[in-house]
Structures are given as structure tokens and as C-alpha cells.
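What follows is chain A paired twice: with chain B in the first complex and chain C in the second.
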Partner chain A sequence: MFATIALLVLRKDVAIEVKSREILYTTLFFAVSCVLVFAFAFVKEGRVIEDAPAGILWIAIAFAGTLALGRTFERERYGETLRALLLAPAPRAAIYVGKLLGMILLLLVAELLLVPLIALLFGAAALFARPLLLAGLLLTGTVGFAAVGTLFAAMLVRSRTRDVMLPILLYPITVPVIIAGVRGTSALLQATPDEPAATMWIALLVCFDVVFVTLALWTFEPLMTE
Partner chain B sequence: MIPDFDRIQLTDVSRHFGRRRALARVSLTARAGDIVGLLGPNGAGKSTLIGILATLVAPTTGEVRFGDINASGHDALRHRIGLLAHELHLYPELTAQQNLVFFARLYGLDAREAVPAALERAHLTDRAHDEVSGFSRGMRQRLALERALLHRPRLVLLDEPFTGLDDHAVGLVTDRLRRLAADGCIVVMATHDLDLADGLVTRVAVIRNGRLISDEPAGPGLRARYRMLMGSA
Partner chain C sequence: MKKAFGPLLILTAAMFACAPFLIAAAPYEATMGLVQKIFYFHVPSWFAMFTGVFVCGIYSAIYLFRGTPAADRVAFASAEIAVVFGLMGLVTGPLWGRKSWGVWWQWDAHLTMALLVELIFIGYLLVRKYGGPGSEKLGAGVAIFGMANVPFVYVSANIWRTVHPPTSVVPTLKPVMAGPFWFCVSAFMLLFALLLMLRLRLENQRAALDALYLEEE
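Showing the complex of A and B:
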């Protein structure tokens, strides 16, 4: 029942996005613009500031993710469809998981574009040297960021100041994700990739994910009851 | 097993949002076959009351019972509650059929059986594969009503169901509501449209400033009675 509802919500979000492509295009455009601006600032005569690609990758993910979170729940606000979801005799946590999976999927698509783009513009081909570790960092970091963001975006959906409040609430709590993502990616970008360090940051991100997904599942129902 | 009930009962229900009082000690009972008209000016508390009956808003104090079941923490009751709000709870990017299939599955229904019947009742079978964004207000309203009734709820909650409808669409919706009441549903309808409520509702509950100031069987001269209550309250 739980998984069925979560997948149903995910499929619905994917079906809407396949038709409108609104959030995908705006997120990708924003993420690419962000990377391009940083490329002009940080690449001078073919030389790149050390660790800049790692920071830019995670800043682009965070900014694009915030944009996508706002738009996803704006869609549920229009027509008050979130209320219809909450009225269904389904576990409300399953609705949260469905929305979370949609957000993770969207961010992973953005990352599929961002990673090669950063590797190209910043000469960071080393990103692909340890693909599994990079995938692990991206996946765990994305889950952590999206888990907190989805909860806050749902909470703020009826607030008039949601566009201002979402980043104010989201960024302080997801700072550990951004730091772990940046440090883990930097470790992979060393002349000799520092695998133990990257693995340690992945482990930290897994802990963050477990804590915040559990907290979100626990608090979603009471937070969504008016 | 999905619980069922033949009456709803609110006892001294109050709801505060911060320091603002939305409802104050409202007591109300409605039985199967009733069409209860919730009347009152803007901000009177009608939508809050609908939200409480829908289990979407928790009362600050008081008790809501569905038959013998206390509403708090009894999520399975939502199998028996249908809500049509002013916002239609439809995804405009999806087709009429996709919207109904999604909500049918959300309620654990067999979409192959429930959806074609709902489309037929909404007179939208030939527009099943059109996006809802291209529908008129009346078509959306009919679709939204059938979406709210897909799971055959016992309690049907309607918040301003006639907004933006032409005469033909109003006729279809009122006929549907009468049939629902005849079939044993409890219909609770918040509306400002006294002309439409007159002759449709079987009970009238008037709310002002969060207080229930009248709860009586419907009779002739609803508008005059309402004006008198508003003037005297």
C-alpha cells in the first residue's frame, strides 16, 4: 500500500512533467547558467582555482534544487491538489515519499548534465576517474537535500512568504550536505583521488539521509494537518 | 474494514488559528439523506467547518463523530468522505481520464470500472483524453464533482459548488446532489447562493463570526429568513 501510493504520486508527477517540461527546463537552464557564470569567474587563462569545480557543482545543485522544489509545490498549490492528496485514505508519509522520489529524479537528471559540463568547462575530467564514488556522493547528497527540501516546501505551500522562507529554512539545515558533497567531490578531484576521504563523506551523507528521511516521515502527517 | 456511518455530529467544536477564532463552540448534527446548507458571510467559518468535517483541519476543542467513531486519528474514515472545494483539486496538465485514474488508484479503486462510469456521469466521455486545462469552468466543475464522488463517499462536502456555472451546469449539479441524498449520503454544502440553496437544501445552518446562529429545517423564504438572521445577529 505504502509503496503503491508513493509510486502513484511519482508517476503522476512524471506524467505532468513529461507533458509540460516546465520544471525540467527551468531547472536545467538555471543550473547551466549558474555553472557558466562561475566558469567565466573562476577559469583564468585555462587555470582553475583549486576545489572550485566541486563547490560549483554543489552550489548549482542546491540552487537548481531550490527552484525545482518551489515550482513542484506551486503546481500542487494550484487547484489545491495537495489538499486532495491529503484527503485520500492513504498514508500521508507515502505522499511525501512520492514527492521526494520525483524531486530526486529531477535533480539526478540535472546532475547528469551538470557533471560533464563542469568537467568540460573546468578541466575536471578527474570527476570520472572514480565514477562509483562520484555517483555515491551525488545520490546521497541529493537524497539528503531533497528530503529536507520536500518537507519544507510542503509545509510552506500555503504560506504567502514561501518563496522567501524556503531558502531561509532549507540552506542552514542542508549545509552539512553541501559541505560533505563539496569535500567528497574535492577528494575525488585530487591528483591522486583520495578514496578513503570520499568514502567517509559518503558515510556521513548516508547518516544525514537516514536521520532526515526518518524525521520527515515522522513529522509529515502532523505538519500537514492544519 | 472500512467504517461507515449514518450521521455526523459536532459537539462544541472550536478552532483557533493563532489568536484568531475561526469557529466557536459549534454543535451540529446531520443524518443520511440530509442536504445541509451552510450559509454565512465571507470569513464566517464555513470553509473551516468543511475542513474539520473533511478531517483536514483539527478542531482546537470539541468532538467530531462520524456515527459512533471519533474522527481524531481514524484515517480510514477518509474512504467515506468526498470533498469538492472552490479550488477543484484537478491537475490541469493531465487529461480528464488521467485525473480520474490517478484519484481512483489513490483510493484503491479499480480504475477500469470506476473511471468510465464517472466520465459518463460528468458527460465528458467524448473529452476523456483532452487536457483539463482546455475545459470550461462548468466541465471542470462536473469532472471535479465526479472525482470527489469516485469512491462513493457517505459524507459529501461541497464548498461553493456553483461558482462560475451556467444554468445548465447548475441543473446537472443540483440533480446529482439530490440523487446522492436520496441514496443515503449526507451532503453538506457551503454556499452564498441563497437562490440555489432554496429548494435544494433540507436543513439550513447559518454561521456568523464563527458561531452557529441558526440550525433548522429548510422552509420557504430562505432569503428573507437569512436577512433577518444577519440583521439580528
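Showing the complex of A and C:
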């Protein structure tokens, strides 16, 4: 029952997105322009500053993610479908999980583009030296970021100042994800990839995911009740 | 509550009046000398700040699950005071750091965590002020997530790097220093309680006034 509803919400969001591709295209474009802006800051006399590719990757994910989060719920609000969704005789937490899965999927697609782009533009081919560890970092980091982001974006739908409030609240709370993601990725970027360090950061991200997904599931229902 | 306020106020004022003398009488620390004395106000302000953070987080959870407006008022009052004490800690810390490390700021576990918690709770206050209708619930969510975030920031920044004196210096203080230190901690805790009572009174009266307006309409 729970999984069915979550998957139905996900299917609905994917179907809308496949048709319009609005959020996907805008997010991807925004992520790429983020990377370009950073290139001016972190490339000095033709050389990339050490560790910069890891930072650029995660900041681009966080910025693009914020944009996408705002848009997904804006669509619900615009179509006045959020109330209908919440009125459905279904556990609210399942709706949250459906939305969260959609968000994770979107961000993973964006990362599929971002990682090769950064590897190419910043000479960071070492990103692919340990593909499994990198995938682990990206997946756990994305889940953590999206878990907090989806909840906050949902809460903010009714707020007049949602556009400003989402980044204000989201960035301080997701800082552990950024620290772990950036440090883990730059451990992989070293001349000899530091596997134990990357694994340790993945473990920290898994803990973060477990705690924050649980908290979000637990608080989504009372937070979304008017 | 009301009856205790007067005596508590006098006690806290007396303690804050005595504190400088006790701190002056405490011996100089071997390596840091005079600058170390900032510690008697720096650490207690963080104690008070984190008390505020946890009071806010716990009362927010109570508000969220029970829906009692009184719990929300405690959370709001407590968050405001936590931010004030946090600012105190953030001002006194760099004063010490400049002497000890030669720089005003270090990206260290304690400092990063303190700054982030301060930011999260300033965010909380912004939500409460500019969030419009329904901001109570929003704020409660922010407070709970902010509280849960404390250990994560600490652990991740700790692995990243640390230069701050370990918190284990507190239980191993020499008795001549521990006396004034715990005196200051109690003074700050009393101040926290007093400010919370005052702030809560204001919130309660505001709520009562709103209720009266509603009745009138």
C-alpha cells in the first residue's frame, strides 16, 4: 500500500516531466552555467586550483537541486493539486516518499551530466578511477540533500516568501552533506585515491540519510496538516 | 513563576556583579596569561546557547505533535535567546583566537558547528518573522531539523580538522579555576532562565491580546 502510493506519486511526476521536460532542462542548464561561473574563480593561469573540482561538483548539485525543489512544488501549487494530493486517502508519508524519489531521480540525471563535464573541463579524469565509490558518494549525498530539501520545499509551499526561505533554511542544514561530499570526492581525486577516507565519508552520509529520512517521515504528517 | 522572578533577578544581578572579581582573583593560565580569562564568559555563553537550542527543539516537537500553542511560544522565546548567547560566543571566541592562533577565525569543528547552529536559528527567526501565516509549523520543522543537525556538523567538521581546545579541558580544570568557571556558568544559566521568563511573558501577553481582538470581532 505504502510503496504503491509512493510509486504512483513518482510515476505522476515522471509522466509530467517526460511530457514537458521543463524542470529537467532548466535544472541542467542552470547546473552547467554554475560550473562555468566557477571556472572563472578557480582556474588560475590555466591551472585548476587543487580540490576545486570536488567543490564545484557539489555546489553545482546543491544550487541546481534548490532550483528544482522550488519548481516541483511550484507546479503543484500552480495547478492547485497539492491539496488534492494531501486529501487522498493515503498515508502522507507515502506522498513524501514519492516526491523524494522523483527529486533523487532528477538530481541523479543532472549528476550524470555534471560529473563528465567537470572531469572534462577541469582535467579531473581521476573522478572515474573509483567509479563505485564516486557513485556511492553521489547517491548517499543526493538522498540526504533531497530528503531535507523535499520536506522543506513542501512545508514552504504555503508560505509567501518561499523563494527566499528555501535556500536560507536548506543550506545551513545540509552543510554536513556538502562537507562529506566535497571531502569524499577530493579524497578520490588525489594522486593515489584515498579509499578508506571516501568509505568513511560514505558511512557518515548513510547515517545522515537514515536520521533525516526518518525525521522527515515522522514530521511530514504534522507539518503538512493545516 | 511570577513570584520567583524578583528574587532570581536580584540573585543573577549579584552574581554578575561578583563575577569580575572572582575572575580577576583566579590565577593566570601558564601559556595564555590574561587572554585565557575570556574563557570564563565564552564557554558559559555557549552552554546557555545550546540549552536554548535544545529547549527550542524539544518544545517545537511538543508543539508539532500535540498542537499546544504554549509550547510554540516557549520554543520561539528560547530560539531568540539562543541567538543572543550565540552572538556572544561568536564575539568572544575570535578575541581569544586572535591571541592564541594569530587569526580571527579558524575552520575548525567547534567553530564551524557554532556558526552553523547560529545560522540555522537566525533562519528560524527569519521564518517566524517573514514566513507569513503558518510560520509556526515551519519554524517547528526548522528547529527539529536544526537540533538533529548539531551532532552531524560536529562529527563531519571534527574529521575535517580541529584546532580548538578540546572540550575535555572543562572537567579537568584546577579547583582554583573551576570555582569561578562554574560560578559563571550558573550565572549565565540563571540569566538564560530570566530572559526566557521575560520573553515568554511578552509572548503570552501578545497571544492573549490576539485572542481578545478575535473575541471583539
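The criterion applied here is as follows: the second predicted complex is superposed on the first by the 224 of 226 C-alpha atoms of A that agree within 3 Å, B and C clash if a C-alpha of one lies under 4 Å from a C-alpha of the other, contacts with A are read in each partner's own complex, and residues count from 1 in each chain.
Heads up, the rule we're going with is that a residue touches a chain if its C-beta (ideal position, glycine included) is under 8 Å from a C-beta of that chain, and two chains touch if they have at least 3 such contacts.
No experiment lies behind these values; they were computed from the predicted model shown.
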Regarding the shared-chain residue A:F122, is it in contact with chain B (first), chain C (second), both, or neither? neither
Using the touch definition from the top, say if A:L87 reaches chain B (first), chain C (second), both or neither. first
After lining up the shared chain so the two structures overlap, which partner does A:L215 touch, if you call chain B first and chain C second: first, second, both or neither? second
On the A-aligned overlay, A:M155 touches which partner chain: chain B = first, chain C = second, or both, or neither? second
With both structures fitted on chain A, tell me whether chain B or chain C touches more of chain A's residues. C
With the two complexes superposed on chain A, say which partner A:F145 touches: chain B (first), chain C (second), both, or neither. neither
Please indicate which partner A:Y78 is in contact with in the superposed arrangement: first for chain B, second for chain C, both, or neither. first
Share the list of chain A residues that count as touching for chain B in one structure and for chain C in the other. 226
Give every residue of chain A touching chain C within the complex, in rising order. 148, 151-152, 155-156, 158-161, 164-165, 168-169, 172-173, 175-176, 179-180, 183, 200, 204, 207-208, 211-212, 215, 219, 222-223, 226
Please name which positions on chain C make contact with chain A in the complex. 64-65, 112, 116, 119-120, 123, 126-127, 130-135, 137-138, 140-142, 144-146, 148-149, 152-153, 155-157, 159-160
Can you check the complex and tell me which residues of chain B touch chain A? 51, 54-58, 75-79, 81, 83, 85, 87-94, 98, 102-103, 105-108, 131, 147
Over in the complex, which chain A residues touch chain B? Could you list them? 1, 4-5, 8, 12, 15-16, 19-20, 75, 78-81, 83-90, 225-226
